[in-house]
Amino acid sequence: MYFASDNWAGAHPEIARSLGEAAGGFAKAYGASDLDKKVEHTFSEIFERDVAVFFVGTGTAANSLALASYNRPGGQVFCHAEAHVNVDECNAPEFFATGAKLVSVAGQEARMAPEALAAAIARFPPDFVHGGQPMAVTLTQATEAGTVYGLDEIAAIGRIAHDAKLPLHMDGARFANALVTLDTTPAEMTWKRGVDILSFGGTKNGCWCAEALVLFDPGRAREMHYLRKRSAQLFSKSRFIAAQFDAYFRDGLWLELARSSNAMASRLADGFAAAKSARLAWPTGSNEVFAILKNATLQALRDEGAVFYDWPAPAGIRETMAADETMIRLVTSFATTGDDVDRFLSICTR
Amino acid sequence: MYFASDNWAGAHPEIARSLGEAAGGFAKAYGASDLDKKVEHTFSEIFERDVAVFFVGTGTAANSLALASYNRPGGQVFCHAEAHVNVDECNAPEFFATGAKLVSVAGQEARMAPEALAAAIARFPPDFVHGGQPMAVTLTQATEAGTVYGLDEIAAIGRIAHDAKLPLHMDGARFANALVTLDTTPAEMTWKRGVDILSFGGTKNGCWCAEALVLFDPGRAREMHYLRKRSAQLFSKSRFIAAQFDAYFRDGLWLELARSSNAMASRLADGFAAAKSARLAWPTGSNEVFAILKNATLQALRDEGAVFYDWPAPAGIRETMAADETMIRLVTSFATTGDDVDRFLSICTR
Amino acid sequence: MYFASDNWAGAHPEIARSLGEAAGGFAKAYGASDLDKKVEHTFSEIFERDVAVFFVGTGTAANSLALASYNRPGGQVFCHAEAHVNVDECNAPEFFATGAKLVSVAGQEARMAPEALAAAIARFPPDFVHGGQPMAVTLTQATEAGTVYGLDEIAAIGRIAHDAKLPLHMDGARFANALVTLDTTPAEMTWKRGVDILSFGGTKNGCWCAEALVLFDPGRAREMHYLRKRSAQLFSKSRFIAAQFDAYFRDGLWLELARSSNAMASRLADGFAAAKSARLAWPTGSNEVFAILKNATLQALRDEGAVFYDWPAPAGIRETMAADETMIRLVTSFATTGDDVDRFLSICTR
Amino acid sequence: MYFASDNWAGAHPEIARSLGEAAGGFAKAYGASDLDKKVEHTFSEIFERDVAVFFVGTGTAANSLALASYNRPGGQVFCHAEAHVNVDECNAPEFFATGAKLVSVAGQEARMAPEALAAAIARFPPDFVHGGQPMAVTLTQATEAGTVYGLDEIAAIGRIAHDAKLPLHMDGARFANALVTLDTTPAEMTWKRGVDILSFGGTKNGCWCAEALVLFDPGRAREMHYLRKRSAQLFSKSRFIAAQFDAYFRDGLWLELARSSNAMASRLADGFAAAKSARLAWPTGSNEVFAILKNATLQALRDEGAVFYDWPAPAGIRETMAADETMIRLVTSFATTGDDVDRFLSICTR
């Protein structure tokens, strides 16, 4: 019963197999191999337009390079306070963007509210040099609260960003999970709604280590080649990432894995609702479930081998909790089984 | 006949198999898994002392983080002009070490001469703030010229560095190749000769993507955790690197691969010598052969499918070359076969 | 009637005279002149202990170098949301400290509340690498709201910082103004209360350009020499700053100027209270007055030549304001005259 | 007899007087005062075109910001090995330009040879990401060897830079000295020969602290405002720099001072030649004289109170020196008197 994180799973068998098959033979290094090129082309097909693709090793790298590529002195990056870039990347975005500042934008359930974003940007009037200047907007899809921005919300944020001449970055570490929740296409969820640059994550959804930076404006690719290399993210045997993505995209595997992962999360959420054994802190929109349980139940779960993390309850939720309750986070993955979910639920309802 | 680089090979079958085996099951993320811990322990065994090990994704990352961990404002890093950190890392060391400067130290065959190093350091007297201050010494083993520092040379450089209170870093992207050439132990080639921190490369010698930073002073590990994370080099499914190293070290596979690779390079070098079809630019000490051939021969080789790079002939060698000659680099790897070498040589001697 | 900022004034005649006197003759450059050394010694006398002093050109430079000198990867700097470092330095602290993050700590009237500081630090548990690590605490004395930390408050913050093994920095751009308000000594307001490093400002209090970084631990001076030079803040004719400070400290001029400036601010505040023509937004503790006036009054003031800035009313104050009211900031300086204050007040009470 | 450096002098009386006059009254801060605007306009007049001007505190700041404003990841900056940016700025250019690398270009007497520059640039072919990419060319006028680039040389370097789509920066810490040597106009020595951005120094030629960054493309000014502020170089009482430049430019004072300074250097050089008491290491083109003297003479000079620095003799000159000879640098300034020069020479010829 492993619900600690989707990165506790290993690699999906198809992806492992693809890596094994690519191991033999010689191929051009540093992203120039046929397999690299093939997978880059697949990205363009999936996004229904010509995109520039850069493989990198971690989601933090993708996010940091995306922001760095729009770097401005005194740059202010607008994000939700709970965004991964803000709380879980050890200042990598600030470091890569040479001292950019992340400005917290308010909003429910880890989603920036469009009007709050507009107000936050407005606090940096043009030519008031002391406060710095707006530089970029970044949203996380799916969010760190397990929720998902609707297409209209993305479009609203995109319009505000572009009205202020700012690029919109999407941190898609759980891109596939959000995509299948919205039942839409990659193009609709990104550039058709104003996204300029995307961190596309494969690792949390069944790859070993496969992240890509997707530039919807390929004209910006030239500098990114140097940025990536200077950031030590250009892999010599780059096809080891390409091979993972090759299997990931084949026959829709990536969507299938995300659907399975999301379904396990819904099963957990539904189980809680049915059994009244737990309250949800936020609605479950992807593969993360945030719930409030009795401490005794949590102890029982852990005694039986369940693995998950406590989560600091934010203001607004904290006040609703009893002294013997704790908020937890449960993350499902492609490797989560219905049996594990059911066993977990059964302990909750004992 | 692929001699372009050792990173044109894929992964050795044993390493691919190890990755496949690790793909199943759940394990702690971010380097805390049992497999990560096991491999870290193996490093300590191999180096015959307690070391701190940090997996990273590229040799450039390892080198840059090693230097950044000894960062000082106005820092001067002493290296050979031909060092990888100086010419092939797109300023990553300078970027990670916030503007450090790489100072070229003279020496034959891409090896710093100890006396030249001492003289270079002496040009930065204490408390002359304008010129900056010495920060670190870094040597490449095996070098970019395919040569190898002898144990006494490493020790001499280590003494000079330590006399100046500077740390000594070794870029060991081809550590195994140098090790088997010297027929010594990892401990003898590193900390017993004054090396303080090591970039340990597995990628060029049969792994997909397996580099490690080895700190011989584990007391410095705390800051490195943050440095690595801030540099976007902390992998969530870190065991995908651990699994590669696990197979790499098992039953001495890593030494076997390096021996094979080196043997192929020697076979090339010996073949040239025997056939008089080429002159060596530098002695062949590892798995790189630098040779000067007739342009007509090179054309014939390429027509037959041989892949390799021209190499800019440095001063001292350039003058010895005829107008119809070109200097080339040939790199062998674990995957290079004797048949390919022999076929290459046979074309040369036609 | 210039109340826009204390930096709209020029230099006090004594300071201008000192500069003129120092203009002749030759002297060692880069801080080594007799005058530089004399003034450094004066600092040690004023602070009643051996301090290391570094002249720099701007308060932003002093603050940024102070923080940079305690730099750590993933570093979190705790400050009040309204601190100058946070809102008025265009990311210079983040840039000089290679991507440090400023964490807002709550508190009334631009002063961090000690308990809020402790809670903020506690959110970064040791060894949770993702969130980064605490690096420094910085307070502004006097604050950006014109208020002043009491000695006990500084001590409380110092204890919390030191308990967490963090240095305490004081941004003393208006050090003298706070000092005379508290009627205490430089030593009591700094190192005796736990301050480790101080940005000591002279510019806002009658100098042209005279800022100093004061290190209460002179053992940290060595690296600062390089940090300052690398940051382009080492002046060749450094004695032009020394000459200003020499006059500034002579016969207590600096305290006299601050007293005068504060007295003008009090006169404004008292005048408002007496005439009921304005409400104070915050108590007036130094040379800044934040007040809420009728828009009609503000128009009349401006028509008569008064110069001052509107100030964005923060939440908590905004709600108390009528539609026809605006919050403004009035800053007095050594050059402010009682006549100007009285004229300003008389317009208010028409 | 002070010949240590031109920054050992103080400020010219006219400049000191101008500062004194500006001390009274109130004026807009941060460069918006009438005096700031007036002096900016003077720059445009002097350069015969619309320029953007940014006052900064040090020559290192001007140089570093100039390069940073053209920053590119993996950027290579081409300069002479002896350039001030390369040897005397403690890595400030590398720091401000986030890890740019300075590439040494060969050339006699501290001047880059155009053909060597072209060859150096050619070593960075487009799209070879590992080596980084060319970013800027910078020349020092007058040079660190006291020589001066001819107008044709500047033009040749400008053409090479522009052919490679690189900006040309001029470090004009001793701009006036070079200008009067060439007997030309500021426009002819800069943008008419291809200079895109200029560090214009006043400090070494009679100011206290007055350096300006001059952008010949004012369209690039917007980002520079933020760059300067982020670098802590935006002075609040900016008119203290403006007041210096105001006097500096009035009635051609700046040229007069440079002529006087250069004349004193020529008098020294001529005196050496006449008396055969010293050999010149390089021709004297500005206000620096590099000479080789007998150690006994140097001792006598120092015994009589002469102040100057020994200079490390470079290869090519070192070999010509006898064991009892030393190379020295003598720098004259606006404050150097003919009496001091004559007294110095008389000691040499005893």
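Note that the chains take the letters A, B, C and D in the order they are written out, and that residue 1 is the start of every chain.
Here, a residue touches a chain if its C-beta (ideal position, glycine included) is under 8 Å from a C-beta of that chain, and two chains touch if they have at least 3 such contacts.
Owing to the predicted nature of the structure, the values given are computational and were not obtained by experimental measurement.
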Chains touching chain A and chain B alike, please list them.
C, D
Hey, which chain ends up farthest from chain C, C-alpha centres compared?
B
With contacts defined as at the top, give the pair, C-D or B-C, that has more of them.
C-D
Given the pairs C-D, A-C or A-D, which one repeats the contacts seen at A-B for over half of the pairs?
C-D
Report the inter-centroid distance (CA atoms only) between chain B and chain D in whole Å.
41
Find the geometric centre of each of chain C and chain D from their Cα atoms only, then give the gap between the two centres in Å, rounded to an integer.
34
Here the gap between chain B and chain C, centre to centre from mean Cα coordinates and rounded to Å, is 51
Which chain C residues reach two or more other chains?
30, 73-74, 89-92, 95-96, 98-99, 129-130, 132, 226, 229-230, 234
Touching residues on chain D, where the partner in the complex is chain B:
73-75, 87-102, 123, 129-132
What residues of chain C sit close enough to touch chain D in their complex?
2, 4-5, 7-13, 15-17, 19-20, 22-30, 56-61, 64, 89-92, 95-96, 203-204, 208-209, 226, 229-237, 239-240, 307, 335
Under the definition above, what is the set of chain A residues touching chain D in their complex?
30, 72-74, 98-99, 127, 129-130, 132-133, 223, 225-227, 229-230, 234
